[in-house]
Amino acid sequence: MPIQEILLNIFFYAFALVALGGGIAVAVSRNIVRSAFALLAVLFAVAAMYGFMRADFILVAQVLIYVGGILVLIIFAVMLTHKITDVRLSNESAPGPAAIFACLCLFFALAAVALSYRWERAAPSREATVPSREGQPPIRLELSMTQGDGRTGVTPGGTVLDGFVRCAVAARGQGGEAQARFRLERGVLKESVWQWSEFRTAEARFRAAEPGTRRAEGSFDRLPPGPYRWSARIEDFEGETAWVAFGSQGEGAAADFVSERGLTKSIGSAFMGPYLLPFELVSVLLLAALVGAAYLARKEVHRQG
Amino acid sequence: MFGTAIMPVETGLWDAVLYGDWYVSLLGIFIACFVIVNFIAVYAGVNTLMERKIAARMQARIGPYQVGPHGSLQWLADALKLMVKEDIIPRNADHLLFRLAPYVVFGGSFAAWVALPFTAGWSPAVMDVGILYILAVSSAVVIGILMAGWSSGSKWALFGAMRSAAQIVSYEVPVGITLLGMLLMYGTLNMQEISQAQETGGFFGFLTDWHGGIFSWGLFRHPPFTILAFLVYYTAGLAETNRTPFDIPEAESELVAGYHTEYSGMRFSFFFLAEYANMFVVAAIATTFFLGGWLPPFGHLVGRTFLVSPLLEGVFWFMSKCFFLVFVMMWLRWTLPRYRVDQLMDLCWKKLTPVAFINLMAIGVGEFWHLGGLMLGVAALAALGLLVSKEVARAEPVIQTPALNPKS
Amino acid sequence: MTDYLFSQRPLENLLVLSAALFVLGLYTIVTRKNAVSVLMGVELVLNAANVNFVAFSQYLPGRGIHGSMFTIFVILLAAAEAAVALAIIIGIYQNFGRVDVDQADLMKE
Amino acid sequence: MYFDYANILVYLLVAAGFILGSLIVGRVVRRQRPDPEKLATYECGEETIGTAWIQFNVRFYIIALIFLIFDVEIAVLFPWTTVFRQAGLLAFIEMGVFLAILGVGFAYVWAKGDLEWLKSLGEVRTEPSREGR
């Protein structure tokens, strides 16, 4: 395994340990303020997990709202709901063996489900048939693409999160030495029409996976944000096939994938698009929470006086 | 020394770590990081000297004079003194949290430095959520302060911490709303791109390709509103760093020293360092959003290579602007008297926040419809002029009486 | 086993972690008497759910950013929930002098 | 993208190492003269009465509450600013509605006096020991 993978794994386990340790401290600490500060560790570790998952906006939202807002509110509430006589700010709990047992059972059930289910990983691929040279049967090509980490597929029209995409072409019924050539086109909006121009090309030799099917993989990295289309063709000593595109072709055709750094823009567009109504409802909810909570808290000020 | 970490604005280098010479990149990170930690320490030390010298100057004193020529090495002596001071953890303290708190406070203010755009194309970390990240990690400081205050087991510390937390979170609201308004013009959260965006443009968005130098900076894009936004941001930022005139949490005459009353020696000095680091972060955000970041003030009128390399030139301009804003903070400390708590909250919620809201709306209108923004700007200028002239006409010498209610 | 420990399977690892967080939160909710602690348990549970949402969104192909959007809405709702719940807890405290959840039934009288 | 996160992580580790290192150096360099008086809580020479963990006034909570609501609002408005130009009129109107609804909330708490820090001034005067309660 490459050292980078090991580093990522170490990173994951370190923060998983922080999260679990913090969670245990929240659950069993006898001192409520210590519980609250243990929650800080959990929230930060979960934020680090979002970083691990490349969800940058969620990372900062987690830190900004949970750590900077909710946790401060919780600590304030702790300070507000304890008497002068509670020397250690005790935090009683009633741990029965039944509770521990039930929770352990639940954990093992959840973990078993998560580990045993075969999560779908590969992206849906697109099949195409191209005419080959005279006298030969047509070649069937299968095109697919994955994120830079090589583990997560990208669907047509999907998003590549860190400017690194791998395109793959698999050819069936093709013999002999061959190589694939990938062509990436970048879209630029000119007078509200997408203009496509060649951006980069890559080559890859076919690796013989099994008799009859061969696979070649080309990778493109450091892609600036924007929409892209890619196409591939197969070249061998005797000639070459036509370009085969992954998505639909034509002047106004949609992009195969969009390169983005981070989630912020996608989230912004989603707020303007499919999540318009929930977004506005959130403002109503916040209004209700503000008015309601201020009302409840204010009552106490008057009673105190 | 930053060679490995220099990258073009539009691409990341993460794949160098994952797929390339990762150890070279890691080494680069460590070196850059080491440099910045030391820079913060030295910067804070020099800042203390600067602050004492400015204070002395304003009070017609000499200030530190014994160590080094004109006292210029006083900060080293101070650092040594802090190092050898006894480290006391009070009997009543919660030992674990008491030891952890400096890490949280210092880490929170230090982590914000990672996203600052020091020069064209070089930040320690070029992040797509740059400014939001800075706001987020800075809010960890609040938790650290509460931790310090509570774990000290002292009433002074706890009062100071609660006040400090209430003040910092309150002033985060005008800061956030103001920055939102500015972001409407830049359309990105990336600190590098924000700086870059101020190279061209100006005048209510009419002039998109104009290299206006200082007039292309965020400060003069939508004149009365962006300037107001700068004032709101700077005031609120000052309050977030708990500096005078907003130093209620550590008001010496009321609360001894606020949340770090019980801390001593080296452990105390980290709160101190964090405060200075925070001042710099506030100044750096103001520089990036309003003063053009690392851009020189005269646009393309003067060639951009009077310093050895364009990268160093960027560092020079960025640092000059930041240090100027930090200097103004010190200046204000010895000029303005302290606010009362109720005045403080009043200023935040009833003045800065509504103004920030109006700014946000006005800049939004201006970016969406340039002519409308211009008309709004003229109207606002007229209203301001009217207000000022009325105030001047009404003004009569008033002898300010000291506050009668020192409570709260 | 090593397949999972040093793995190419971040999704499974994250799911197990979030299951652990969920169970810890549940345990906190069930056993704590103090209402503020119960709220902390709720936050743990919400965080566990958020990790799941984002993991599915990022590691399963073709799901777009809907999982991430859900996470954002959960965080927003958590903020509103915490504000109101803590206001209620403070109200209970002012009335009864304690914030134990098993004493909140005094409100019946 | 991982690069930048790795960067932040390294910076945090070096910062923690910096603190730890200087504390250790300090421990080696300095002299220790333990004294029970030094360990007492600092209260200007007075004997400490009661513990420090006392209960606070609810207005701290109200301020934090209003802050939280606005913090959430600011956090969701940030992605809006990045697409403001492309989305055009729709984004503008949507945000106008969003801000107007929250403006109502702000006006409400203002009108009801929740933004006043000294609303219980009279009470504070009658009970001098209430500072901070």
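The chains carry the letters A, B, C and D, assigned in the order they are written, with residues numbered from 1 in each.
Quick note on the criterion: contacts are C-beta pairs under 8 Å (C-beta built on N, C-alpha and C of every residue); 3 or more make two chains touch, one makes a residue touch a chain.
The structure displayed is predicted, hence computed values, not measured ones.
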(Q) For the interfaces B-D and A-D, which has the higher count of C-beta pairs in contact? (A) B-D
Q) Looking at CA centres, what chain is most distant from subunit C? A) B
Q. Rounded to the nearest whole Å, what is the centre-to-centre distance of subunit B and subunit D, using the mean of the C-alpha atoms as each centre?
A. 16
Q) So what's the Cα centroid distance for subunit A and subunit B, whole Å? A) 33
**Q.** Euclidean distance of C-alpha centroids - subunit A vs subunit C, Å
**A.** 20
Q | subunit C, residues touching no fewer than two other chains | A | 72, 75-76, 79-80, 82-83, 86-87, 90
Q) Going by the touch rule set out above, which residues of subunit B reach two or more other chains? A) 12, 14-15, 17-18, 127-128, 132, 150, 162, 165, 169, 172, 189
Q | Multi-partner residues of subunit A (at least 2 other chains) | A | 52, 54, 56-57, 61, 64-65, 68-70, 72-73, 76-77, 79-81, 83, 161-162, 261-262, 264, 267, 282, 286, 289-290, 293-294, 297, 300, 304
Q) What chain-chain pairs meet the touch criterion? A) A-B, A-C, A-D, B-D, C-D
(Q) List the residues on subunit C that touch subunit A in their complex, please. (A) 4-8, 10-17, 19-28, 30-34, 36-37, 39-41, 43-44, 47, 50-51, 54-55, 57-62, 64-65, 68-69, 71-73, 75-84, 86-91, 93-94, 97, 99-100
Q: Write out the stretch or stretches of subunit D touching subunit A in their complex.
A: 1-2, 5, 9, 50-51, 53-56, 58-62, 64-69, 71-73, 75-76, 78-83, 86-87, 90-91, 94, 97-98, 101-102, 104-105, 108-109, 112, 114, 119-120, 122-123
Q: Name, in rising order, each residue of subunit A that touches subunit C in their complex.
A: 1, 5-6, 9, 12, 16, 19-20, 23-24, 26-27, 32, 35-36, 39, 42-43, 46, 49-50, 52-55, 57-58, 61-62, 65-66, 69-70, 73-74, 76-78, 80-81, 83, 91-96, 99-100, 103-104, 106-107, 110-111, 114-115, 119-124, 151-155, 158-159, 161, 263, 266-267, 270, 275, 278, 282, 285-286, 288-290, 292-294, 296-297, 299-300, 303-304
Q: Would you pull the subunit A residues touching subunit D in the complex into a rising list?
A: 8, 11, 51-52, 54, 56-57, 61, 64-65, 68-70, 72-73, 76-77, 79-84, 86-87, 89, 161-162, 261-262, 264-265, 267-269, 271-272, 276, 279-280, 282-284, 286-287, 289-291, 293-294, 297-298, 300-301, 304-305
Q | subunit D to subunit C touching residues, read off their complex | A | 58, 61, 65, 68-69, 71-72, 76
